[in-house]
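Only one structure is covered here, and it is reproduced in the block below.
Chain IDs A, B, C and D follow the sequence of writing; residue 1 opens each chain.
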Amino acid sequence: MVGTKIRVHKKLPKLKDPVFIEGLPGVGNVGRIAAGYLAEQLGAKEFAELFSPHFLPFVLLHQSSAVHVLKNEFYYWNAKKKNQRDLVILIGDSQSIDPVGHYEIVETVLDFLEKLGVKEIITIAGLNVGKLEKEPRVIGAVSDPEVAKKYKKNYGIDFAAGSKVGTIVGASGLFIGLGRYRGMKGLCLLGETSGFPIIPDPRSAEVVLKTLTKILNINIDMSKLRDKVKEMETFMKKIEKVQSRAIRQLLAQQMKKPREGKEEELRYIG
Amino acid sequence: MVGTKIRVHKKLPKLKDPVFIEGLPGVGNVGRIAAGYLAEQLGAKEFAELFSPHFLPFVLLHQSSAVHVLKNEFYYWNAKKKNQRDLVILIGDSQSIDPVGHYEIVETVLDFLEKLGVKEIITIAGLNVGKLEKEPRVIGAVSDPEVAKKYKKNYGIDFAAGSKVGTIVGASGLFIGLGRYRGMKGLCLLGETSGFPIIPDPRSAEVVLKTLTKILNINIDMSKLRDKVKEMETFMKKIEKVQSRAIRQLLAQQMKKPREGKEEELRYIG
Amino acid sequence: MVGTKIRVHKKLPKLKDPVFIEGLPGVGNVGRIAAGYLAEQLGAKEFAELFSPHFLPFVLLHQSSAVHVLKNEFYYWNAKKKNQRDLVILIGDSQSIDPVGHYEIVETVLDFLEKLGVKEIITIAGLNVGKLEKEPRVIGAVSDPEVAKKYKKNYGIDFAAGSKVGTIVGASGLFIGLGRYRGMKGLCLLGETSGFPIIPDPRSAEVVLKTLTKILNINIDMSKLRDKVKEMETFMKKIEKVQSRAIRQLLAQQMKKPREGKEEELRYIG
Amino acid sequence: MVGTKIRVHKKLPKLKDPVFIEGLPGVGNVGRIAAGYLAEQLGAKEFAELFSPHFLPFVLLHQSSAVHVLKNEFYYWNAKKKNQRDLVILIGDSQSIDPVGHYEIVETVLDFLEKLGVKEIITIAGLNVGKLEKEPRVIGAVSDPEVAKKYKKNYGIDFAAGSKVGTIVGASGLFIGLGRYRGMKGLCLLGETSGFPIIPDPRSAEVVLKTLTKILNINIDMSKLRDKVKEMETFMKKIEKVQSRAIRQLLAQQMKKPREGKEEELRYIG
């Protein structure tokens, strides 16, 4: 049996009380865009990769003809100022394609985060509200009510929206919910979005990223975000197209149909 | 690989020859309502939680914005009178979403119950009879015929209905069937219900609970049951709605479709 | 994680060079009927049970209200005459409900058979030929061509039918194919049948059983076979009905739909 | 739990810095044909077999009535000239029927290849371009851009096609992508094909094989390729037909429907 695993490039970075930021693909790709842009602007360094049999079993081809296995990547960044924190940022190509895999991936990452000394988690996701907002709000979900108290003021996060009981599907919610049992405090920043699951929403990502950088006391240049999102959108459309074809090809391989014109006598044995 | 696991809060409670009561969500939610109301009325204390990758991979949001991972909870209660028994009560949000998970969850719990010294099991489920009954009957199923003998009189349980061979799907039946191989005696109380799988049936729960408390020589105040069920119904409708959306979202993520207007040349590689 | 496992009642029986006979449910239930009738007529003793998470997760209710977990059972019989062999007979309620489970169950049983000193396997299955035969033939499949040589004469087994390349789906074929890698010689007796998968075919079972008993130098009274099959048919129809309902109930639990009349604003988070 | 495993016939062959050639069934069966013909023409010796629970759970029947479990086979060949390399060739009946299995099989094989001292991989697959090509091109994908540099000249491999981002589904891509993390250099030769997934394309296989033998400095007689493919086509059509029936039979066993004429009162318990 093979399972989800994390490969560290050389050795684990030295981090002091780091905050874990998660941004994986999802609704509006809000988390993927925000966390990816943050890692890039900070010059965060990649130090580990996560592979899983719960990702689709295909490779992408780069321009250079080099193949790319579906994976997630861990980046780290050391604080530059006293009011900042060391960071571990997780971004990637995919979440699990099956329900069990979501749990396996999150538990594997939480084991890894414990080794890195992480005690605080901030995850980022999109909240599809079904219609266009003038300015998307940022809605908050937490591991404990005391975390909501900590962030209630100053950041413009709406913690009251939890009253319309919703759910967070996938890693962003499970990190917060399961991280609590590891003694980790968690905050999930949800950016309202009106788009379909896979169309990137740069406005929502921007709003959430502004909130996040304010929380982390980090200044980054937001001006290139829109261009980056445009690049990502082109790339993601291609991935999505080949993913759909890959899924159809996998299904076709599994459910091969006979090609003879005339029906042969059925011979079942079993 | 990650599997079903049980987290004990501090340490295992001291129990003498406890009886295990199982009430998980199912048809009419009869078990969930009855066991949950019993635990609450008795002031039973939560001492362990069960998590499983075979639950749907999403978290619910409470009013307080705190997230809630899908789980089952163990409660314990010490007998107050000579003719009573110590109890371990299991209630929760969900059963397994796939067939293999039902076995994994039940076997994991049975291992745990052996540690707690459990030798007797009573599970509670609904029996959908397809039409409204004036007064729902309680039908019994057992691990061994001698258990039926023990409960045949005095409790109004119908043990003759087994002759119309039926099945019990999920945990309630597997606990009885697999518990026998661990030397545990088991009784399943089935409350006739006419409702659909997820609409709570308070009448059926009440009838079963009366039977159960009689067996256990316990007196509880039944007057608040209907109100509790009303609360639960509102909550369960929300969970059900988000569960359906969550399932659809998971499926949408897995089966992403391309969005281009014009068909591109199909390029399959494999 | 929980897997397929075998529980031995007390201890393993003493067997000398036993032959393993497999008869699990399948097409026409030919194997199940033939092996079950053989075990019963010989007075073979049950000594072990096999449980698997790859069976459907429900229990059946007996007349007595006792529940019955889906399982397979091992019986043994000691030879009474010099030209007979000790036997291990496997019959049961079900085969795996998923592809991986077939391999897991067969490998688990083969490990067990090695412990019992089994070096010869005879499996029994039905071959659906799509139309009624006057007298069903018995067709043979083997682990090695030398096994076909051994049985070519005297038994009326048709070994030439392999030329119309067919398959054997499930345990009956895998036992022969995978058993070879454990040094076991295997023979699969296929009884031609015209029925649908689950309708028992007593004629086919009888023809195969006559061949089998001839091979084993065993005399049993065949006169009660038809009655036994009638009993089995009634029972199997009930099982099949509840199995279908169980499957539908499992699917309904997984894919719950919301019940509100008016459409609510979709709120997806992920 | 049972997993993918490799059985070595006697002992591992002595190989010096071998190149691994993979040719498993897929689009146009280009890899299967090319690698299979190469192994046969070289007189390569089979030394190990791979079995997996992620193959379909049925056996094929040979002319001789011997059963054939679905598997992959490893062949080896020692270099005859100074400019040649020792080879390990993998061919087989099937790839995984589910997504997780693809990863399990590839990782299991990569573990094995590490033991054999493999540091270079060449996989072969078909690229369905949707229309008939006069002369199919060979397109290349690599583990690292430096591998493309090495093969850019002299072989007529088109490495520019990666710019139309495509994917490679299944083993051929995963071997290259995951092999890189084991320090292995990888090249995937993709033969353009216009056929449907399972119809063998001898023209595409021939073009790829010519490129491969040129890379390996091997001379083989290509004249029998077309006849071999015709043989294979007949055989593969039969396998495909029985595979489809096997899949339908598996599904029928899982989703048995009741047969009674009149509807009985629904009795759900759970």
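Here is the rule we go by: contacts are C-beta pairs under 8 Å (C-beta built on N, C-alpha and C of every residue); 3 or more make two chains touch, one makes a residue touch a chain.
Bear in mind that the values here come from a model prediction, so they are computed numbers and not experimental data.
Student: Touching both subunit A and subunit C: give me those chains, sorted by label.
Tutor: B, D
Student: Could you report, rounded to a multiple of 5°, the rotation needed to superpose subunit A's C-alpha atoms on subunit B?
Tutor: Superposing subunit A on subunit B takes a rotation of 90 degrees, nearest 5.
Student: Using C-alpha centres only, name the chain that sits farthest from subunit D.
Tutor: It is B.
Student: In whole angstrom, how far does the Cα centroid of subunit B sit from the Cα centroid of subunit C?
Tutor: Using C-alpha averages as centres, the distance is 33 Å.
Student: What are the residues of subunit C that contact at least two other chains?
Tutor: Within subunit C, residues 1, 26-27, 97-98, 166-170, 173, 197, 243, 245, 249, 253, 266-268, 270 contact more than one other chain.
Student: Can you check the complex and tell me which residues of subunit C touch subunit D?
Tutor: Contact set of subunit C toward subunit D: 1, 3, 26-27, 95-100, 102-104, 107-108, 140-145, 148, 159-163, 165-170, 173-174, 176-178, 181, 186, 188, 197-199, 237, 240-241, 243-245, 247, 249, 253.
Student: If you look only at subunit D, which of its residues touch subunit C in the complex?
Tutor: Checking each residue of subunit D against subunit C gives 1-2, 7, 51-54, 56-69, 97-98, 235, 238-239, 242-243, 245-246, 249-250, 252-260, 264, 266-268, 270.
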